[in-house]
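Chain naming follows the written order as A, B, C and D, and within any one chain the residues start at number 1.
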Amino acid sequence: MAANTFGEHIRLTTFGESHGESLGGILEGVPSGIKLDIYAVQKALDRRRPGQSSVSTPRKESDTVHILSGVFEGKTTGTPIGFVIPNENQHSADYGNIAQAFRPSHADFTYFTKYGIRDYRGGGRSSARETAVRVAGGAIAEQILPSGVEIKAYVSSVGGVSLDQDYTHYDLSTIEDNIVRCPDAKKAIAMEALIHEVQSHGDSIGGVVTCVVKGVKAGWGEPIFDRLEARLAAACLSIPAAKGFEVGSGFSGTLMRGSEHNDAFVSGGKTLTNYSGGIQGGISNGMDIYFRVAFKPVATIMSAQKTINTAGDEMEIQCHGRHDPCVVPRAVVVVEAMTALTLADFYLLDKMTRF
Amino acid sequence: MAANTFGEHIRLTTFGESHGESLGGILEGVPSGIKLDIYAVQKALDRRRPGQSSVSTPRKESDTVHILSGVFEGKTTGTPIGFVIPNENQHSADYGNIAQAFRPSHADFTYFTKYGIRDYRGGGRSSARETAVRVAGGAIAEQILPSGVEIKAYVSSVGGVSLDQDYTHYDLSTIEDNIVRCPDAKKAIAMEALIHEVQSHGDSIGGVVTCVVKGVKAGWGEPIFDRLEARLAAACLSIPAAKGFEVGSGFSGTLMRGSEHNDAFVSGGKTLTNYSGGIQGGISNGMDIYFRVAFKPVATIMSAQKTINTAGDEMEIQCHGRHDPCVVPRAVVVVEAMTALTLADFYLLDKMTRF
Amino acid sequence: MAANTFGEHIRLTTFGESHGESLGGILEGVPSGIKLDIYAVQKALDRRRPGQSSVSTPRKESDTVHILSGVFEGKTTGTPIGFVIPNENQHSADYGNIAQAFRPSHADFTYFTKYGIRDYRGGGRSSARETAVRVAGGAIAEQILPSGVEIKAYVSSVGGVSLDQDYTHYDLSTIEDNIVRCPDAKKAIAMEALIHEVQSHGDSIGGVVTCVVKGVKAGWGEPIFDRLEARLAAACLSIPAAKGFEVGSGFSGTLMRGSEHNDAFVSGGKTLTNYSGGIQGGISNGMDIYFRVAFKPVATIMSAQKTINTAGDEMEIQCHGRHDPCVVPRAVVVVEAMTALTLADFYLLDKMTRF
Amino acid sequence: MAANTFGEHIRLTTFGESHGESLGGILEGVPSGIKLDIYAVQKALDRRRPGQSSVSTPRKESDTVHILSGVFEGKTTGTPIGFVIPNENQHSADYGNIAQAFRPSHADFTYFTKYGIRDYRGGGRSSARETAVRVAGGAIAEQILPSGVEIKAYVSSVGGVSLDQDYTHYDLSTIEDNIVRCPDAKKAIAMEALIHEVQSHGDSIGGVVTCVVKGVKAGWGEPIFDRLEARLAAACLSIPAAKGFEVGSGFSGTLMRGSEHNDAFVSGGKTLTNYSGGIQGGISNGMDIYFRVAFKPVATIMSAQKTINTAGDEMEIQCHGRHDPCVVPRAVVVVEAMTALTLADFYLLDKMTRF
């Protein structure tokens, strides 16, 4: 079971716990001869970094990536790219109270039951801190993709504050203009206000990330079990706190009739509508790929909660520490990274399709 | 790329086109010593079989499975189980008109673009007929699971006709009592009526399948990239026509606050609520696992549609043949099969977790 | 564990027992657009077929391959190629005496110990009959390789009768001119005589197969764990009765000094000598690839042998049935097949190497 | 292609070049609850370390391993174990002369041809320095194996100086008593003398490593393609400079008759002889497993050699730097590591065999 490895040819293997010395990964399968933009990798990490704004955890981490191999004189050599991201700002003492207790809706109980042991400090391996490694790997993977492919994710809802229009109505170059990462400036203000309100009560809130990929030519993806949407779904549902995934028309498409939902082809191979979300039969058709990922409210809240301890006795738990009241503004970056890893894999695999 | 292979240890590899001589598969990793219930395998195929009711395609196929290896004196031997399902009732002539044209929202265009060649008869490899092999494999996989594990899927909506309650309010033993496979008898009648109405217009409609798994003990699933929900999502999104997946609270959970959404543990390791859907940190927690899968309206409809031909010229296409007006009643069986394959894999993998 | 699957991208998955209904396999990853020569596949099977000569088992099997999918109008479609080879000539009664006893140096004991059950008829899954599936798969894989690549294996020794010269001294187009598959006609006669002599005593004898691959350009193979020689070694050691593998100078190279063993490069990238066997750092260098595979004497002999039964009691066993006195003349074809599968995989994988 | 990953469930992924900042790896699949002996890991690295004796390169490296994850309060947690081994003593200037030239029988030419770029300093990724990571991974894997399993490798020949007896005639606890790692003290002196003689001429010499594994119970290994001997062969042939592998009777077994070679079972499931080398049908039978690995003479020698440069022109190359005159004394440790990784994988996989 490749639990810590993602991808078939472009393969990211990760390690690291929240409160260990460092996290890191190995990215295999990167073709040789790419002039690697390390600054872009760091920039992606900066976008995911904690402490970046008032809607994220105040914990400070520089999340500096150190590339240890696979690059020579600025270019990739085709050998694995190993890298580490040191942990810097650990308040392990904050977690003394959870050493013997299971935080509700965290992985404490399941890890302990499965493994009989757990590194409880900050959630250990189950901490969303591991997604920093994905972001670094994804930022390298993005550089493998042919020029013209553009991956853009954004926040489309926070709690009940939701965008009214689909992605075609927004200028996706404005996503970074606000701390919520929402391309609708007015909605962004409302989202921000909602997060602050929730935060003021020591509570948390869920949200949805929409991701759009432009410029993928027809032919990426594999039939049957490795459909592009299946691999994207697995990529996104592997992100901590993700609870749902829909591509193209998604759940709302279930309400439609075929005569309405079918995307008519027109000259040039484009389609008049794009309810398919750019994927047909598991393979890209050249139209925009778009999908949505649901994230639950962050499990760590500041009010007392009922739970049990490792002995099985009921008790109350009071969480401290520094946590995000809403995960979606930072999850945007992780969704982009997982998408880049998935697409880079399919891009290379497609090279083997035809005789 | 294991496009035709599903699973890590319990691995199903499939082959076959809609209008070839037969479909089939190889199921690897089945432990030795299981008294294989071949009748149960055939029964699962019968539930998926075309021509079973007025809401499915009238095409007739017996879908008889022939097991060719891996079983000796009624028991599994630990060697791969090879099997074939002959194709019997092929009207290849029905497809003459699509040899040179791309049916909208089918895989015709993408397969042709990717491979430069396609078996257009009945969709070839992209036909949902390949799911028969999954159902056979899943029915064997189900026999690997420990007793007490029960997988039940049902139709929870057809178009706008939707169940009002969650799964806990229904008697799941009644699912097979109607041809729609819905545990609410009244809603089933409305769903059936809607399908017939749509069918009478040569149109199609989408729907949602809900799947519930009881009896999984805490500890199944793997952290990070092979989370139980990620693998289930990939399993379900690999089914033809699937467009969305949500587990536990899913998309509706994004509207909730953490204080409401968190599942408090109580004595015995149960939780008071189950918004987590039985999975925390990617690992089962012993509560019921439940998830929903969205299916789009079937792409084959009986009205004329705009499209292009293989030369790129615009044209009109008129589909004939025998097709389902709504896929969800039969998809129920495929969702169960993919769930069984996924769970059997994790069940065995968990045997390697602890020293 | 992919015990029944070989390869990463060109993947052969096999099933079947010696005395089941049929054996078969699924070959995945074959590029689309190859005009498949099915006659060449059958011809390869005919070369491996039992009953082909006086030095092979007299058992008769037509070993007819039936291709069930993946080919449309004579060309590969990029979808998996499923195929079966029916078993025809089974004398299961010959094996009644081994139902409760373990034949020495067979897999009876280990399968029974591992699985607690075994199909004892003809060795079941452990029978070398499974190599028919490899030969079919390999003969398809060979058609993926670029023109100019030529794989030729031959018998270089039977017992103590051994070729005096390396492969460069023989005309490899003459291998099929004798039933031993040896390019030295005189030695072939001696080998044949030795096999007949051994056979007349109900005994068996080992031998060595040499394989030469010409026309592989520099660059195939992957560093570190998937070196070309490592994958070839695994391919060959997975053949029943194989006990050794050496590439290039092999074991005799251990006697040499570096100054003698190093292959000097000359203009054009060729080397003056080829002790490397065409592989350096795990990657082909454009010179001929050659290696040798050792096969032990066949374990089934016609004299009484000491053994134990399934209850653990000592006893005598007397084997009957129809068996090869020496495996190497037929193993030649299996070595070629495994080499073709290995090379086709690396050929496709090399397409992903450079940006 | 998992070129940098070894194993299915116990999976070691490695990175790093000879002259980069550090090498390292991630070991996945280690069960939780193992009290990790980090001292044993460092000790294994010390045995492989350069500069350890007069028969190894004088280059000095402490090869200190830093474990970064997967261990909590001294015990494994079931999460991946990430580790790095910093490079300390790099004389990159020694390699200026090979930046534009291909060293004979090195990987310079093949890497450059395949990737179009190479880190020429010390061979970059193709340097045997990467085996340090394998040794660290193997030393952890060894701690997964059940008690009683003992892996011992030793030098059985250097050039023409060869042990006369098989492993059963030696006291394997004496292997570390001499710098050649040979259990025959007299032969060790002759081997040492031969290495020194070769070294004094700036030349190198090959040799053979024998490996013995005691205490493996019957049942480890998988049929068909993942036979224990096939996986061991791949493991050993993936080691730099390895040219051959034989198990049990190996190449000498090809000279024998079945009546002589067959291993008769006796009460208790033991066999009277062990020409099978402890493996039958790809699965361990409970007897000692033993195999031999051939290593060519080290390619780096101190005399001038003919070669070509990257432009294809013929030239002379003169190597400098600090190199082993004979690789086998240090290769012993790498063979043990690869064996441990292979066996730990099969040990865990066997847990899934039976219902």
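Going forward, a contact is a pair of C-beta atoms (placed from the backbone, for glycine too) under 8 Å apart; a residue touches a chain by one contact, two chains touch by 3 or more.
No experiment lies behind these values; they were computed from the predicted model shown.
Each step here moves to a touching chain, and the least such steps from subunit A to subunit C number 1.
Between the chain pairs C-D and B-C, more C-beta pairs are in contact across C-D. Taking each chain's centre as the average of its CA atoms, subunit B and subunit D sit 46 Å apart. As a whole-number value, the distance joining the C-alpha centres of subunit C and subunit D reads 26 Å. Mean C-alpha positions place subunit B and subunit C at a centre distance of 39 Å.
Among the residues of subunit C, those touching two or more other chains are numbered 1-5, 9, 14, 29, 32-33, 78-79, 114-116, 125, 223, 349, 353-354. Those residues of subunit A whose C-beta lies close enough to touch subunit C in the complex are 9, 29, 31-34, 76, 78-79, 144, 223, 348-349, 351-355. Every residue of subunit A that touches subunit D in the complex is listed here, in rising order: 1-5, 9, 11, 13-17, 20-26, 28-29, 32-33, 66, 68-70, 72, 75, 77-82, 84, 114-119, 124-125.
Listed in rising order, the residues of subunit C touching subunit D in the complex are 1-6, 8-9, 14, 102, 104-107, 109-111, 113-116, 125-126, 130, 157, 159-160, 198, 201, 203-208, 218-219, 221-227, 229-238, 240, 242-251, 253-269, 271-272, 275-277, 279-286, 294-301, 303, 305-308, 312-314, 345, 349-350, 353-354.
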